[in-house]
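A short write-up of the structure that comes next.
The first chain written gets the first letter, and so on, giving A, B, C, D, E, F, G, H, I, J, K and L; residue counts start at 1 in each chain.
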Amino acid sequence: MTYGADRIYKKVEIIGVSSESIEGAIQAAVSRAQHSLERLSWFEVQDIRGHVSAEGKVSEYQVVLKVAFELK
Amino acid sequence: MTYGADRIYKKVEIIGVSSESIEGAIQAAVSRAQHSLERLSWFEVQDIRGHVSAEGKVSEYQVVLKVAFELK
Amino acid sequence: MTYGADRIYKKVEIIGVSSESIEGAIQAAVSRAQHSLERLSWFEVQDIRGHVSAEGKVSEYQVVLKVAFELK
Amino acid sequence: MTYGADRIYKKVEIIGVSSESIEGAIQAAVSRAQHSLERLSWFEVQDIRGHVSAEGKVSEYQVVLKVAFELK
Amino acid sequence: MTYGADRIYKKVEIIGVSSESIEGAIQAAVSRAQHSLERLSWFEVQDIRGHVSAEGKVSEYQVVLKVAFELK
Amino acid sequence: MTYGADRIYKKVEIIGVSSESIEGAIQAAVSRAQHSLERLSWFEVQDIRGHVSAEGKVSEYQVVLKVAFELK
Amino acid sequence: MTYGADRIYKKVEIIGVSSESIEGAIQAAVSRAQHSLERLSWFEVQDIRGHVSAEGKVSEYQVVLKVAFELK
Amino acid sequence: MTYGADRIYKKVEIIGVSSESIEGAIQAAVSRAQHSLERLSWFEVQDIRGHVSAEGKVSEYQVVLKVAFELK
Amino acid sequence: MTYGADRIYKKVEIIGVSSESIEGAIQAAVSRAQHSLERLSWFEVQDIRGHVSAEGKVSEYQVVLKVAFELK
Amino acid sequence: MTYGADRIYKKVEIIGVSSESIEGAIQAAVSRAQHSLERLSWFEVQDIRGHVSAEGKVSEYQVVLKVAFELK
Amino acid sequence: MTYGADRIYKKVEIIGVSSESIEGAIQAAVSRAQHSLERLSWFEVQDIRGHVSAEGKVSEYQVVLKVAFELK
Amino acid sequence: MTYGADRIYKKVEIIGVSSESIEGAIQAAVSRAQHSLERLSWFEVQDIRGHVSAEGKVSEYQVVLKVAFELK
């Protein structure tokens, strides 16, 4: 990448889920988006939420993030 | 849906219009998005705006919302 | 366009780049989005950032914007 | 209205009240502002609040909105 | 109520649900809160969300609001 | 004032200044606004700023506030 | 208090009122909350508002604050 | 202007339009406000938006700004 | 849970602490809240902070979160 | 100071503490910053917080502020 | 720069001034910061403000920005 | 530390990077800041971002945080 050269990026908002960790949810979302969109450049976390099981355990982390990729 | 299982959601920002009500604008946007995107899961209202006619009547409600759907 | 009539808009977030000016970055993003998306109606600036060269010059302006277009 | 031509708008913040609905409060505020200000172009909802009666009923909706009109 | 006299209020965040309308969800939340808390004074809408059915209908409105009541 | 009855309020943004205190700046702004506008109902503090003298003393408090009054 | 040891805090939102000063409204809210809740640890000011009398005087300061206390 | 002396400012929200540049839209709004209001002291940009022509050109920049002037 | 059926949720703000990780602080807060409140449904992270020891180590993570539970 | 002439300012975030008042905390922070930094021009309050003693008294006000000074 | 390698950045808030344009104010601030700080990497615009002359002209643009540089 | 006693804190904004985890990026930033600044007291996470490799892996977490230390 050369700064000053012509580039356009698009940002898309996705939500990843992981029963393990916040990083797991981010990686899950990034992998999936890379698969159906384009090669991603970066991500920005927007929100961290999650579900609680009947036993009072965090059963999953839900991370809302924006992923950015270059429009070729 | 099972919590803890692998799922990814995408959020898209749309604007619905209705001359009747805020709920009408939400429903219009949701119906249209369901049609051209995927089966929607939920929506979040971002902004409520509208146009005023020359007679001082609210001629339409414009509701900006995010709709979310699961990426299969 | 007639107010009160049935319309739906979609907003997409893109980033334009220009070594010249903020307006240049906006125009670059708008041109590119018009090309790959639909005919755009309006844009909203979200963020203005940029890169600095080793000589302390602004080497490019990066403008994050939302562009809106009607869903036909 | 012609885009690109010289226009200036002013925005004023008002609060409408209705015992019926959110739309009723918006319309009340718009009607009153149209009367004492100029011909309005659009409105933007800022806040939705309300009062609760001793019987636990919503006795009124208070909608804070910005109304915009062209400065001639 | 006399302004300037000693009063303390508490605000609590609740979410009301209605399959009909935003006002219905607000009223449902207010009624329930009045029942288990104290006599409410006012409410402030924080967020408006909802669920979409498989047929693309808004199946419920979820309104997040803060309700305030005087601590006696 | 009767809740549920027809009322419209307008909010105006003003900045009061006092070399003494934040409360002094609020009271100064409120007095002046009451004089040139209408009878005020309430105020909301938006921002607290101030100037520092060459000796490192706060030489004045500047309080940005919104004042609201009923449109008769 | 030992950092690193197991502690949980709860935050509650209250509104204090004083005809004298912002500090008076904060102290009033803190005293009352300490009385009906638990021993408080800290407070955070959320909003400063107030009422204006017919003579254009600030008749009371209303301070919205969050108070935090340890859950034993 | 002497710091510490009695002054009150008012802020008004206006929108300027220019087909040329963001600075052009700011100057247009400032000129017009100076004409119908009082001698302005400063401005604060709130939002930058714009319209896109059918050819994918930015046909106008719309800048929402607050202008402040002293109440004499 | 059936969408469209009558439900009311309450949200409470708590702070969890862990010397290990952000997830640890979330789980600690959720466990404790489940114990003294009701069966929780979900959580939302509001803020992530922490304490630094004299050796420059993060000695604890403090996570401010909102937990939601159904009011039966 | 001449408007239009070349000037650069820097803003620094500091927290002042006072057991007496919010103004006291601001003045304490400003005095200290003037001492170790440069001659300050203005300040902006970011946050007002405080500590509560075991007796339910506000034992100190903590005011987070940004102070600005000219870079010579 | 290699992604994944150990790097720390610092962000500093500065205000640049130009009688010409927003870009001019950004460049002025960046040049000055590069001179007294380190080699800058990027900037983020926080706020755009300005002063108005007695003739109703924008006499200067004031751009608040954060500049980031690597801590070596 | 004694509450009520004279203390001043400064906050500085830094960005830590780690290829492992969010906690790793926080610890990296804190260690480095402790080294070149003063003994830190606490940190506050402002933003979580990251870079994605060509293989669709999160190659690094970038955590923007504010660190606070006492000015002696």
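Everything that follows uses one rule, which is that a contact is a pair of C-beta atoms (placed from the backbone, for glycine too) under 8 Å apart; a residue touches a chain by one contact, two chains touch by 3 or more.
Fair warning: this is a prediction, and the values are worked out from it, not measured in the lab.
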- request: Mind listing the chains that sit against chain G and also against chain J?
  value: F
- prompt: What is the minimum number of touch steps required to go from chain D to chain L?
  reply: 3
Query: Taking each chain's centre as the mean of its Cα atoms, which chain lies farthest from chain C?
result: G
Task: Report the chain pair from A-B, F-G or A-C that duplicates the G-J interface, where duplication means over half of the contact pairs agree by residue number.
output: F-G
- prompt: Which one of the chains is farthest from chain L, going by Cα centres?
  reply: D
Angle of rotation relating chain D to chain J [CA atoms, steps of 5 degrees]: 120
Interface composition of copies chain F and chain G: same or different, split at half: different
- request: Calculate how many whole Å lie between the centre of chain A and the centre of chain G, each centre taken as the average of the chain's C-alpha atoms.
  value: 38
Whole-Å gap between the CA centroids of chain I and chain J: 32
- line: CA centroids of chain B and chain C: separation to the nearest Å works out as 22
Message: Between chain I and chain L, what distance separates the C-alpha centroids? Give it in angstrom.
response: 22
Query: Hey, what residues on chain H touch two or more of the other chains?
result: 12, 22, 51
Field: Every chain pair in contact, whichever chains are involved
entry: A-B, A-C, A-I, A-L, B-C, B-D, B-E, C-H, C-K, D-E, D-F, D-H, E-G, E-I, F-G, F-H, F-J, G-I, G-J, H-K, I-L, J-K, J-L, K-L
Query: Which residues of chain J touch chain G in the complex?
result: 21-22, 47-52, 54, 56-58, 61
- request: Report the residues of chain H in contact with chain D in the complex, numbered from low to high.
  value: 12-17, 19, 28-29, 32-33, 36, 51, 53, 59-60, 64
- line: chain L partner, complex, touching residues on chain A are 22-23, 26-27, 30-31, 34-35, 39-45, 67
Message: For the complex, give me every residue of chain L touching chain J.
response: 3-12, 66, 68, 71
